[in-house]
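Order as written gives the chain letters A, B, C, D, E and F; numbering starts at 1 within each chain.
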Amino acid sequence: MSNADQYLIQEQPYYRPTADEVALFEAAYAARMPVMLKGPTGCGKTRFVEYMAWKLKRPLITVACNEDMTASDLVGRFLLDASGTRWQDGPLTLAARIGAICYLDEVVEARQDTTVVIHPLTDHRRTLPLDKKGELVHAHPDFQLVISYNPGYQNLLKDLKQSTKQRFGALDFSYPETAVEVDVVSHETGIDPKIAEKLVQIAHRARNLKGHGLDEGISTRLLVYAGHLIAKGIAPRAACMMTLVRPLTDDPDMRDTLDAAVATFF
Amino acid sequence: MSNADQYLIQEQPYYRPTADEVALFEAAYAARMPVMLKGPTGCGKTRFVEYMAWKLKRPLITVACNEDMTASDLVGRFLLDASGTRWQDGPLTLAARIGAICYLDEVVEARQDTTVVIHPLTDHRRTLPLDKKGELVHAHPDFQLVISYNPGYQNLLKDLKQSTKQRFGALDFSYPETAVEVDVVSHETGIDPKIAEKLVQIAHRARNLKGHGLDEGISTRLLVYAGHLIAKGIAPRAACMMTLVRPLTDDPDMRDTLDAAVATFF
Amino acid sequence: MSNADQYLIQEQPYYRPTADEVALFEAAYAARMPVMLKGPTGCGKTRFVEYMAWKLKRPLITVACNEDMTASDLVGRFLLDASGTRWQDGPLTLAARIGAICYLDEVVEARQDTTVVIHPLTDHRRTLPLDKKGELVHAHPDFQLVISYNPGYQNLLKDLKQSTKQRFGALDFSYPETAVEVDVVSHETGIDPKIAEKLVQIAHRARNLKGHGLDEGISTRLLVYAGHLIAKGIAPRAACMMTLVRPLTDDPDMRDTLDAAVATFF
Amino acid sequence: MSNADQYLIQEQPYYRPTADEVALFEAAYAARMPVMLKGPTGCGKTRFVEYMAWKLKRPLITVACNEDMTASDLVGRFLLDASGTRWQDGPLTLAARIGAICYLDEVVEARQDTTVVIHPLTDHRRTLPLDKKGELVHAHPDFQLVISYNPGYQNLLKDLKQSTKQRFGALDFSYPETAVEVDVVSHETGIDPKIAEKLVQIAHRARNLKGHGLDEGISTRLLVYAGHLIAKGIAPRAACMMTLVRPLTDDPDMRDTLDAAVATFF
Amino acid sequence: MSNADQYLIQEQPYYRPTADEVALFEAAYAARMPVMLKGPTGCGKTRFVEYMAWKLKRPLITVACNEDMTASDLVGRFLLDASGTRWQDGPLTLAARIGAICYLDEVVEARQDTTVVIHPLTDHRRTLPLDKKGELVHAHPDFQLVISYNPGYQNLLKDLKQSTKQRFGALDFSYPETAVEVDVVSHETGIDPKIAEKLVQIAHRARNLKGHGLDEGISTRLLVYAGHLIAKGIAPRAACMMTLVRPLTDDPDMRDTLDAAVATFF
Amino acid sequence: MSNADQYLIQEQPYYRPTADEVALFEAAYAARMPVMLKGPTGCGKTRFVEYMAWKLKRPLITVACNEDMTASDLVGRFLLDASGTRWQDGPLTLAARIGAICYLDEVVEARQDTTVVIHPLTDHRRTLPLDKKGELVHAHPDFQLVISYNPGYQNLLKDLKQSTKQRFGALDFSYPETAVEVDVVSHETGIDPKIAEKLVQIAHRARNLKGHGLDEGISTRLLVYAGHLIAKGIAPRAACMMTLVRPLTDDPDMRDTLDAAVATFF
């Protein structure tokens, strides 16, 4: 079980619930229902799954999906050894064996073979066929699959198939409410809550521009970045430009609009 | 035969026939005719083939097809060993050797080499040439090939060729009738049949929206998910939103429409 | 010669000639002229080449071509062995060495390197250069190359080049005449010729719909499938729906049209 | 030199010159100028280069180019051996070492890396760098490069670059004149010259249709095929349909036109 | 630590700050915030990160990204050894282990798997999962990630995803002001500042043409090239044509315009 | 140093300077500035770099770039050996180590990873990171990089990036002036200068057709080819058709135009 231990979350992650998502996830886990976390970048999906893994005392194995990832990257492959080939479990197989929560981050980025390989793990079979090894892995009773999904990226070329989607219960995530977000920013960076609130106000303005020149709003993560720089003594306006404006856009007009929003508060 | 044993279905799968599909499949199996199961996602095709394998007392080898799967993934390949290369049968070859039912799930996802490789197994020859090994496998007399196919996904780029289609007898599948589906949901989750019927009613409304904003209707599987959450004590409305609405659509209007349908019943 | 023996057709295949194709093929074989068999799916091209191989007493090596097949799959490759690499002949090289008839099924599916690799085997040189092995194989005097080709699939992307086509004599194939086809269906399935004739009549109706909603007509193979089910006791109408209609089309209107055609006879 | 010997043409190939191409090629070879043979399929380019290799008493190494051929297929590669890797010369390197004529057939089919790899062999350097081996091969004084090229295939995607074309002297080839072609057909098949002339007349009619429904005219090779079948006792009309019409076209109208042309003569 | 030593910048790089970028970078490094350097080619981004690595006394590992770079090129791979496979860290893994600054130059050129692989290193986790090795690397406390990004290249096909961008603080870079740039050019080449100023004036004219026929303005690097040639005794006009005009454009009109600009000064 | 010796140009290449390109190249080499040679095919770029390598007494390593060339082809790779893997330097690495001039011919053909890999060698760093080997090669003080580039091929898909272009000084090349070209042709082939002048006149006519039906003019190389054939006793008109007209164009009208131009002189 030492293998599982290294994937246990040791300390309680800082997570502020925004609704009934903890209870829903617990019920889903009790039924071992696969869960999909939907929402924009940087709003806390990864933090939430870490919190739930800690709360449920299950190991957590995270895989950042990408379009060059193959099914073998998830399931495992043969390695060449001094005495021939040796099988090495991939992260999904390992999770199924030790009863971990397996978190496939941004699963829509993966190629279809990656998404299809999870099908037999996500219905009543709860099995993972290792075709290349000729083994049928029966998932550990504690195993659960969780995926994240950003609907804002959805396009015709890259979308989960219905036959994949309909294997998951889904939870919507969004940016936290003002009071919660102010709390998060000041808690993580040590800055004064009043300054944190100004940062959140700037974020609100930018989030309203989503779809009107911005692809995505300012995430809570960037607010924490701004707070860190301010805590190191950087002037708030320079800190905001570096962390809230420059990363978001290359368009000069939009950059000026956001700089002006910063100047309103600092 | 121990290899075959691990693929035998031990317990009778729960399957509610909807028409004469069991008799037709038995006759097709008696003629060793390859069979194609057509129908939408989550309507019970996989469950049906498990049931038939159990009823016919044949091992079942299932392969989830995907667009990156090569013919070698089905047929087998040489592995490097301490003493050189060693041939390892793929799942299709194994099935042909031991007389299993080989079930290629969503075969239309596979690349053409995968679909062409099954041709000599699906006519009077019933052979599988392992070109790389220089062996001609004659299928076991009990071997049968079954594929699934979702016509809703059919498009110009991905469709089975006529020369493949005309090697199969085909059975249409759809969602079960109301009484049957209510029975399935309450049987699998333990919830009250009256609640199960409400879930089925919600599904009927969503299925009418297929082609009018929804790519696919709510599957029986999702109804079972909803039932599981309700059985764990989650409020029915929250359970339905998590399992019947959020997985299905990212469109805000469609989501509101489905949420309203849920609210009509709970 | 034991290697050649395994590819000999042991029993006379059931083949009903439709015209002078047997004499033409014999003359072509006498001149060792490469032959191209043209015609729709399931009309008997594969059966014909098996019959001719049996009649000419030559081994038959069949390769189902596909778009992922490489020249190496045909010609051969080096395998890793305990003592280094070892060359393994591919099916084309094997056929050229032992004097077999090599049948490349649906050659137009293969990539161009597959079709170009056959060029020196199909002119006066009758050689196959194994560039990777540094060997020039001179074909056995009995070797002949046969390919099949379905003009109905012809499109701009996938067509044989003139420099390939002009290396073959070509024979047109089509569905057999009514009497012959009735004979074939009742002979292969044991059903009453009167029922077999009804099945052939249904096929005629569907074949007239080719190009008017159907990509391809009902093949003789599917009629045999229908006959098998009827022989097993399935009601003719259900048997026809499963074998003649459902495999052919996913279009609801076309399906109803074909079901109606079935209902006219059964 | 035994390696070179296997590539020597033992017997004089049957070749009928059509103009001053033999003298021009001899002068080009004397200057070791690379030569490009241009012309339609089946008009005798391959036969010509065999004849010249025989006349010049040089070994001939032929490579059928294709779009999947890599530079390594021409130049060579490392193979795994019992004692590690071992270099194996490709056909181009072998030709450069032993002073052969290297004939790249349909070079335009090859990928650009294949065509660029010949550049240093085709200017004053006459070298071939084996980058992977770290060796610079200086071509044998007798080495010459010859390529074939069918302008009829020329399109925007596949054409030789000017920087490649301008490394070659070029000879145009076409179908032989009537008397020569009649001579060739009767000489190669043993049929009566009067019948051979009828076949050539049919070819002339078809060649006039090039660009008006036919991609390419009937080649001399197909006329020889027809002659072979007639010599085996097949009726001329059936022989012509199998060898001159069916290989050329899948279009029903064009097929009828050509059949009618055949019927005019036989 | 000797491994780290070879990546230490031994001598102070010549860098002229243009604003508060040094202080901002120091604060970002103090918070271990990932930093993105934005700006046109040749304006000093690489020099800046070398200067900061020298100032912070951290090893610097630079990776020039390109579209064929895989995640394995960054993270590491198994190499075959006398006794089987041996893992070799890639540059990103090495940097994470020894606490270096890892600089991914022109990261937007890399494939998505490269950019996604850095995600867990750029949030609170600061980990790098080596899935193929089954190891979870915790970044050294001194590790920092820096990327460069040229917004001028931004297009629909190649752009960083928001979920990547929002993991970085960003600093804008541009060409230095006149006095600074004159200083840089004369300092690096030894030419008279008056001549250096003329070169800078020429650059200003060309930079105004960006977007009006030029894709990019003349970089400081090219001015240094011109200075080098002049210092070697080449006439300034010829030096400018070779270093400031010919590399920039192939368009004859634009070339004449730039040549005329040169002629105004020399 | 014996490795370097094999790349030394032993005899003075025949090169006729056309302007101040020798002095400019010497100054660029003195500053170790990377140099780009721009100009049409066959105008002497390769000959020039050979001449400069001879004059500067530096080894010359030439690489013919192509679109399938990978960074590993330039930089090096691990080879499998009896005792495991062994690193083999690629030509670029070898040149950097021994202080050669590395000439990348037609660099624009290479994939982007090839062009990006040269970046750290072409700025103040003069290093080449061998990421796969974990070595940072510092270029030998004598090392210089030279690339060739044909602007006539420039298109949207294949062009050097500004961040690559701005790392080079650039020299324009074109066909030599009449007197020089006549001199070159008669010197290399031994034909009478009056005949050589006629060949050059023909070339002038064809070069005026560039962009009006010809992609590229007749190169000096082809004129030398024509001279060679004439020196072997071929009639000038036939020699010109084979070397100046047929290689250049497949268009019948353009061919007639060029044949007529030839007929004007011979």
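Just so it is clear, contacts are C-beta pairs under 8 Å (C-beta built on N, C-alpha and C of every residue); 3 or more make two chains touch, one makes a residue touch a chain.
In this text, all values refer to a predicted model and were calculated from it rather than measured experimentally.
Hopping across touching chains, the smallest step count from chain A to chain D is 3. Of all chains, the one whose mean C-alpha position sits at the greatest distance from that of chain C is E.
Of all residue numbers used where chain B meets chain C, under half belong to both copies. The two sides are thus made of different residues.
Computed from the mean C-alpha positions, the centre of chain B lies at a distance of 52 Å from the centre of chain D.
Averaged C-alpha coordinates put the centre of chain D at 30 Å from the centre of chain F.
In chain C, the residues that touch at least two other chains are 80, 83. With chains as nodes and touching pairs as edges, the resulting graph is a single ring in which every chain has exactly two contacts.
Traversing the ring of chains that begins at chain A and proceeds first to chain E, the chains occur in the order A, E, F, D, C, B.
Those residues of chain B that touch chain C in the shared complex are 20, 23-24, 27-28, 30-31, 33, 36, 38, 70-71, 78, 80, 83-85, 111-113, 115-117, 119-120, 123-125, 129, 131-132, 134, 136, 151, 154, 161-163, 165-172. Chain contact summary for the complex, chain C toward chain B: residues 6-7, 41-42, 46-47, 62-69, 73, 77, 79-83, 88-91, 94, 105-106, 109, 150, 153, 215-216, 218-219, 221-222, 225, 228-229, 231-234, 238-239, 242-243, 246-248, 250.
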